[in-house]
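Look at the two complexes coming up: chain A is in both, with chain B in one and chain C in the other.
This part shows the complex of A and B:
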C-alpha cells in the first residue's frame, strides 16, 4: 500500500512538473439587463483575409496559416465550431464594415502588441456584430513549418487570437521569471496565455487541456455533456468570498491542469469541461499578472492570500459535477 | 465526490511546484523597461472617459482625462489626456481584448508613450496601468499590481502567493519609479 502511494505521488511529481498552471476565462459583456458570455450563435463563422501581405509573408501564406489555426480549434471533439474562408478583401481588419477580417495592419500606437482581436457588440442583445483580428506589421512574421529564428510564428499567434474570436479570454498560465531588462516565460502551456511568445517557437500551434476545456465550456457538443464534468464551489478567507482567486484543477491521471477564477464577491467558481476522474485543487492569487489583461477595471481582485491546496481529492463524474467545494485560504 | 488525499501526495505536489520548465524567451516588460520606455508617468484620478471615433472613423477609442496629482516623469499640465482602444457609442460597444478600461473616479498611475502630433497611449497596451485601491484599515492608497523587477543579474522566478509580494503604498511605488528614473538619468549623464 505504502509503495503504491509513493508510486502515485511520483507520477504526480512528473506530470505536474511538466505542466504549468493553466486557467481559462470566458469573455463576457454586459447588456442593458444582464451579463452574457460572448459566443457565436451561428456557424460557420465567415471570414475574409486582407489582400496585403507583409515582408516575408504573402496574403496567400497568411490565409493558409489562418486556415490551419481555425482548423485547430474546430478539431476539438468535445466542442462544436466551424468557419468558412470567404475570400480576400481590400478591407482592413478593423471594426465598422460588418465583415470579419483577418490581416496585417500597421498599429504603431499599440507597441508590443503582436496581434489583437476586436469585437463590435450589440449591447441590447450581447450579440457579436463582427470581429476582426489584426497582425501588427511592426513585428517580423514567419509561416515556415519549423519556424524561423527571430520571427514570430503567425500560425501560433493566430491560434491564440482565434481563441479570443471564439469567446475565450486570457488564461493565467504558468511561470515567468524576471531578468535584468525583461521578463521571460518559463512554462506556458495554454495558447491563451497573454504574454508574447518567443520569436521562432511554434509549439503554441497546439491546444492544451485548458484551451480544450474552455472551448468545450462555450460550445459543448451533445456528447460532451455526458463525457465531461465540472467542479464548483467557493474560495473563502475568514468566512468571506475571495474575488478573483485563481483555482486550478490538476488531473494526475491525464497530467493536465485546467482552471478558473472566483468571479464574484462570494468567491464562487466553476471549472467545466473537465475530464472525469481524480482532481487536486490549488488556489493562488494572481499577484504576478497584469490584472487589466484579465478583468475590467471595476472588478476588484483580492491578492492577499497564500497559495492553498484543497485538503480533499475531488472525483469528477462523467456528465455531472462536484458542487459546494469550499477552499479556505489565509491572508499572507 | 470527495476524498482525502494522503499527506505524502500533497507534499509531492507542493514540491513539484518549485521545478521550472525550459521555456520560451521574452515576455512582457520588466518594471525598468516600463519606466524607461514611458515619456509620461503620472498619478491621478480619472475625471472623464469619453468614447469617440478614431480619425479614420473605423475604430472606437476612449479619450481618458486624468486629473493629475503627481507627475513622476514628464508633465504636460494639471490634466492629462490619453487614449485607449475600445468604447461604446450608442448601442454598439467596441472591445479590443486585453485593453484597459477606465471609469471616472478611478485612481491609477499611468505610464504613457507620447508621440508627436498624437495623443499619448498606454505603454504596452495594459502594462503601463497600475491601479490604486484605498486600504480599508489604514486608509492609505495602495498600488494593486505587483512591481516585477530583477534584483540582480541572476534570473528570478516569480512565485505566485509569495509572502513578500504585497501591494505597496503609493509613496513607496513613487519612490521606486523615481529611483529607476534617476538610474536612467545617471546612465545618460555618463
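This part shows the complex of A and C:
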C-alpha cells in the first residue's frame, strides 16, 4: 500500500519536516526501519503552469521563466533529469491533485515567504509522485533579463524551488548577518541557500558548484559515478560527535565550495558529487540561518564549537571516496 | 696504422695550442668511453619548491562588491630531496643517451587564513609521491677536462613523464617535464671499467601533475651520486 505525506519547503523560511538523517543537502523521509532520499524515478517530470499571472508578470512570462529554470538544472552534465511543460491549468499549485503545478498564489499570511514547494511522495521508497510550487503574490516579481530593482527575480527563485522539487534541501554555503527583523545575506555560493538575495538580484539564475554536487549526488549519470568522488568522516569535539556541524570542501584549483552536514550523533558527514582533486575542509557551527531552515525541531544542532580548518589536505579520487576524515573542533 | 694516425693527430694539436694539446694528452692517457659503453648511476637529488598561488574561497554577494571572501588558501610545495637512478649508452666518446628515474616525496602545504569568522590560521599538508621517468642526451667535453683528465664536464638535456600520487594513492596525476642541466663526472680510475662521482645542476620545467597552473613551471634541480662505466 502506498502512503502519501506532504512536506513543504520555502525559499526564505523552511517549514517542512523531512528527516535530517540523510546526506547533506538532500531531502529525506523516514520509513519504519530506515531513511530514504526523496527523488523522482520517472522522467520527464510533467508539469503544468497556473494560468493566472501576477502584477508585472503574465502567465506566459511565468511559463518562460519556469522553463528556463528547469533547463538550468537539466543542463548539469553530471546529472540526469528532464521535464516537460504540459500546459496551462486552473489548478491550484498547492493541492495534491496528482498534477505537478507551478503558479502564483496569494499568501499574505506568509509575507516573508517568496515561494514554497510541496510534495506528494511514497514514503516507503522516497519517490516523489507530485510536487507543486507556489510563488507568493505578496511580493513583487520581475522577469526582465537584467532584473528590476526592488522586485524579486522570478527565474532565480524558480531555480531554487525547482531544486527542492528535484529533492534538494537547503545548503548552508553562505554567510549572513543578523538585522532587525531577520537576517541579511552577506554572500552565498549556492542557489539552495535558504535566504534570498536582495530584490533585483539575478545571481541565482546560475547554479553553483554546491548545487551541481547536490543534484549529481541524487541523479548521477553513468559517467559521473566514475568521474566524481566524495569525502566522508566525522566532526568531533572532545572525542564525541558534533551533530549539525557544517563542513565545507574548498577546491583551490577550481575555486569552488561544496557543503555538507554532520547528520548524526557521531558527527558523521558525507560530501558527495565532488570533482576529483585537492580539497581543503572548513567546519563551522550552523549559525547563518534559522535552524528550522535546515532541520526539523527534533534534530539537536550543536553550535558550541569554534570555526576551524582541517589540518590535512584531502584528495578526492575519481569514482571513489575519501573516508575516515576526522575534524576535531574545540568548544567556544 | 691507427696508433700512427693518433700520434700524428697529437703532434698536430700540440702545434695548435696548449689547451688542445692537454685535451689530446687526456685522450692519450685514458681509455675514453667508446661507442656502446654503458654507464650506470644513482644517487640523491634536490628540486626547489614553488608557490602554487593564492586562491580565495569566495561567496557571491548581491551588492556592488561582487564577492565576499570567506577565507584564502596559499599553496606551496617545499623544496624536496629525493633519489635518482639512470642508465646510459655511449653513442660516441662524447655523446651518450640516458634513461632515468627520479623519486621524491614533496610536501604540499596550503596556508589557510583570513577567515571571515576568525577561524585560527591553519596549514593543511599532504605528502605526494613524485616520479619522473625521463630520457636525456648527454654531450661530454673531454677537451675541457681538468684534474689530469679525471673531471669531465658535460651538459644534459631531455624530457620526462611526471607521475604523481596523492597521499593514500587516492588520485594519480600526470604531467611532463623538460630539463637542461650541466655538471661534471669525476672518474677515479683510468680503465674502461671505472667508478666515478657525478654532479649536475640545472633547470627542470614541469607542466601539470598535481600543479594545476596553466603553462610550465621552472624548478632548479640538482643531482649527485656515484656512476659506473662499463
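The working rule: the second predicted complex is superposed on the first by the 299 of 332 C-alpha atoms of A that agree within 3 Å, B and C clash if a C-alpha of one lies under 4 Å from a C-alpha of the other, contacts with A are read in each partner's own complex, and residues count from 1 in each chain.
Please note the rule applied: a contact is a pair of C-beta atoms (placed from the backbone, for glycine too) under 8 Å apart; a residue touches a chain by one contact, two chains touch by 3 or more.
Computed from a prediction, not measured in an experiment: that's the story for all the values here.
K.L.:
More chain A residues touched by chain B or by chain C?
P.N.:
Here the partner covering more residues of chain A is B.
K.L.:
Taking the superposition on A as described, I'd like to know which of chain B and chain C A:123 touches: first, second, both or neither.
P.N.:
In the superposition, A:123 touches chain B alone.
K.L.:
Just checking: does A:304 make contact with chain B only, chain C only, both, or neither of them? Give me first, second, both or neither.
P.N.:
Once the two structures are laid over each other on A, A:304 reaches chain B alone.
K.L.:
Name the contact category of A:46: first (chain B only), second (chain C only), both, or neither.
P.N.:
So A:46 meets neither chain B nor chain C here.
K.L.:
Going by the contact rule set out at the top, does A:226 touch chain B (first), chain C (second), both, or neither?
P.N.:
neither
K.L.:
Regarding the shared-chain residue A:257, is it in contact with chain B (first), chain C (second), both, or neither?
P.N.:
The answer is second: A:257 touches chain C but not chain B.
K.L.:
Touching A:284 in the superposition: chain B (first), chain C (second), both, neither?
P.N.:
Touch partners of A:284: chain B and chain C.
K.L.:
Mind working out whether A:312 is in touch with chain B, chain C, both or neither, as first, second, both or neither?
P.N.:
both
K.L.:
Per the definitions at the top, what is the overlap between the chain A residues touching chain B and those touching chain C?
P.N.:
Shared contact residues on chain A: 174-175, 185-188, 197-198, 201, 250, 278, 280, 282, 284, 306-307, 309, 311-313, 315, 317, 322.
K.L.:
Show which residues of chain C lie in contact with chain A when the two form their complex.
P.N.:
Of all residues in chain C, those touching chain A are 52, 55-63, 67-68, 70-71, 73, 75, 108-110, 112, 115-120, 122-126, 166-168, 170-171, 210, 212.
K.L.:
Considering the complex alone, what residue numbers of chain A touch chain B?
P.N.:
So the residues of chain A in touch with chain B come to 5-6, 8-10, 12-13, 16-18, 20-21, 27, 29, 92, 94-97, 108-113, 116-124, 129, 164, 169-170, 174-188, 194-199, 201, 246, 250, 278, 280, 282, 284-288, 290-293, 296-298, 300-301, 303-307, 309, 311-315, 317, 322, 325, 332.
K.L.:
List the residues on chain B that touch chain A in their complex, please.
P.N.:
1-6, 8-17, 19-30, 32-33, 56-60, 83, 85-86, 88, 91-103, 106, 113, 115, 118, 121, 123-127, 129, 131, 133, 144-146, 148-150, 152-153, 155-163, 165-167
K.L.:
Help me check something: in the complex, which residues belonging to chain A touch chain C?
P.N.:
Going by the criterion above, the answer is residues 173-175, 185-189, 197-198, 200-201, 203, 208, 248, 250, 252-253, 255, 257, 276-278, 280-282, 284, 306-313, 315-318, 320, 322.
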